[in-house]
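What follows is a set of structures for review.
The two complexes that follow have chain A in common; it is paired with chain B in the first and with chain C in the second.
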Partner chain A sequence: MRRRDLAVAVSLASLSIALGAVFSLGGLGVIPASDLRGLAGSVLKNTFNPWSPNLTAYSLNAVAAVMWDYRALDTILETAVLFAAIAGIATLFRGIREPPSFRLRGLTLVVKASTRVVIPLIIVAGISLAIHGHLSPGGGFQGGALLAVAPALVVTVFSVGAIYVAGIRARTLLKARYLALLLIVLTSIAIPIAATILGARGYVLQNMGKADAPLSMPAWFFNTPLAGSIFVFNLLELIAVSIGLTYCLLLMSARMEDIRDSLAGDSVYE
Partner chain B sequence: MSELPVAIVTVVATVVTVNVAIAIYGIFSRPSLIKKVIALVLFTDSVNILAVIVGFRIAGPFPSPPILPGQPAKPEDIGVFPARSVDPIPQALLVTAIVIGLAVSVFLLGLAVLYYKHFGTTDTRVIPEVEEAEAPK
Partner chain C sequence: MLVPLIVVLMFSFFSVVATYLAVVERDLVNSAVFMALQGVCYALICYTLMAPDVVVAYIPVSSGLLPIMLLAVLRKTERYER
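Presenting the complex of A and B:
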């Protein structure tokens, strides 16, 4: 046992020394560069640039512009990966019944009262992080992850029953998530469909008008930049992520005997 | 002026290498499934921090986040923005990487919860014994 521990320690130390050598020898980033890469310069120049209407995204936040405009296909596939993980969770926890009675135990009165104050703040902060995702740091995923903290607090402080008492069911959450994902797909093909009807040309995931495809999403909301589909995608991603995480939370905090029952009736374990 | 960013980046890169070693130790050597998941999350986040460092650069007078300041934006703001900001593309790809890491860890935690509720433990050394004891004779 002692010799095994020593071997593990020596191999881990040599691994970290080797990694450090690779970082410093390969110039991967120990000494930061002082000049910008060409692609990054192009993105920064065009992310909000009304004087270059064919390349701009009208988004002040360059990260949001890269995520949902310049490299939007990556983000669509990332949403698909999260969807697949949540579908996997739904399959693993299939057949779990709702608890027959919603007994609320929870923590002490002090914790409950302060949680009641904090939860609206969390919800407002999450939503504002998402709908200002193209103007300031933030975005749909960040806002959704923050919003999902509110049900996690409710489950911890009150109990899972409080979520059921509020009228939220796992099945409804899954349906709302499917709806948000469907709307993401519809938003990404809205411009080609409209262009086909109007007899023009349009591209999938197109945001602003291009030289050969004149249709574009709304760029301005009165005098505030709206960034077209970036705003819509952020909003829908907020809904999809927060509801998906709440759904996982609800399934994982199911009562032990309910999960035992659903496992007992399962032919996989026979 | 440029010594402080170099020092910070060197320290962070060192921490990343040490974190990667600790995370690999946790994944391969710790018996608890929950600790394996925690180590995997640590590994993901260490590599993410490394990618942030790759996107960092020294810019005058100080490197700014890739968010255009001032609204409504003026042409001179847009002109000076690429000279000051750090690289936005690693950060945007990182958000993708974080979401995929979250998806993986959510799925693994669901598996770990089911393991615990079926076997009564998350210790990988104990699970085969429980399986043998439960098997029909």
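Presenting the complex of A and C:
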């Protein structure tokens, strides 16, 4: 049975590789152009360009500039999708009480000791991915996803009780996540509000000053490029994503008895 | 130019094998491991094709969070597919 599965898998893989070779060698499919398109060229030219102050984002990482400056509305919608997913999970698991007593069992001593070494490294790597998101590959979502691996390891290795003992509650996490999302919205409308007060013109999600809207976010932190709102958005997205994924993990690792108890009083599921 | 092509070909081959095995596997814990393997293959392909921003998002999601969440869900349902 196993050998047969492996044979089918290998022949399927050979088939897909052969199809790909036929498409690319024979010119049957769409082959991407080898030269830059105009849009990509203008993004690359302007992502960090102090000599063109009306178009630049002061971000060395062009992907971060596209995500939070040139196409920021797409990323706001992406954040809204994650918000809706986590709101759905919170609704599904509503009313779960936390376990009255914790038994900290976990895995063996070897695994626990090595996890204690790895977890600080994961946390530092996640935070640095987010706050250097405008300088090097990375960003808010990437850093948040990496940071959420740390509580996932804690739940797997030390059991869920360790999270509750550390004083982290699901309700608090949800509130912190809503606060971070609210701050994202406030950052995106900060410039229009300030412009209205000062009597100038400003756009929603504006980062650097434009020809007709002179206000801009801080572009430099001493001698380091800060990229204005890109840095702020990356930091807030780090908090929102890592806390949201930790919240999901905490709900999913609740004990089955607690889930059944919370569903017992509901008439919706009957 | 030849080495990136060989790496992409090899890991796309492995990823198709891992995907098929993840679908047909009866033991769903093994299936989650095959899914993580497929994610690692895709991350290496993305890295070879010069998309590091995708890689740093793909590695924690595909080989960290997704298998752990799947295992947490499997613990509440059944381990073996009938």
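Here is the rule we go by: the second predicted complex is superposed on the first by the 238 of 270 C-alpha atoms of A that agree within 3 Å, B and C clash if a C-alpha of one lies under 4 Å from a C-alpha of the other, contacts with A are read in each partner's own complex, and residues count from 1 in each chain.
Everything that follows uses one rule, which is that a contact is a pair of C-beta atoms (placed from the backbone, for glycine too) under 8 Å apart; a residue touches a chain by one contact, two chains touch by 3 or more.
The structure presented is a predicted model; accordingly, all values stated were derived computationally and were not measured.
In the superposition on chain A, contact is made by A:Thr156 with chain C only, not with chain B. Touch criterion met: A:Val81 reaches chain B, while chain C stays clear of it.
By the touch criterion defined above, A:Ala13 lies against chain B and chain C together after alignment on the C-alpha atoms of chain A. Contacts of A:Pro214 after superposition on the shared chain: neither chain B nor chain C is touched. In the superposition on chain A, contact is made by A:Asn223 with chain B only, not with chain C. When the two complexes are overlaid, the chain among chain B and chain C that reaches more residues of chain A is B. By the touch criterion stated above, A:Pro120 is placed in contact with neither chain B nor chain C. In the superposition on chain A, A:Ala148 makes contact with chain C only, not with chain B. By the touch criterion defined above, A:Met252 lies against chain B and chain C together after alignment on the C-alpha atoms of chain A.
In the overlay built on the shared chain, the residue A:Leu92 is in contact with chain B alone; chain C does not reach it. Residue overlap on chain A between its contacts with chain B in one complex and with chain C in the other: 8, 12-13, 16-17, 20, 61, 63-64, 137, 139, 141-142, 145, 245, 248, 252, 256, 259. For chain A in complex with chain C, the touching residues are 5-6, 8-10, 12-14, 16-17, 20, 61, 63-64, 129, 137-139, 141-142, 145-146, 148-149, 152, 155-156, 245, 248-249, 252-253, 256, 259.
By the touch criterion given at the top, residues 2, 5-6, 9-10, 13-14, 16-18, 20-22, 24-25, 29, 50, 53-59, 65-68, 71-73, 75, 78, 81-82, 85, 87-89, 91-93, 95-96, 98-100, 102-104, 106-107, 109-111, 113-114, 117-118 of chain B touch chain A in their complex.
Residues of chain A that touch chain B in their complex: 8, 12-13, 15-17, 19-20, 23, 28-37, 39-41, 43-45, 47-49, 51, 60-67, 71, 74-75, 78-79, 81-82, 84-86, 88-89, 92-93, 135-137, 139, 141-142, 145, 223-225, 241, 245, 248, 251-252, 256, 259-260, 263, 269. Within the complex, the chain C residues that touch chain A are 9, 12-14, 16-17, 20-21, 24, 52-53, 55-57, 59-61, 64-65, 68-69, 71-73, 76.
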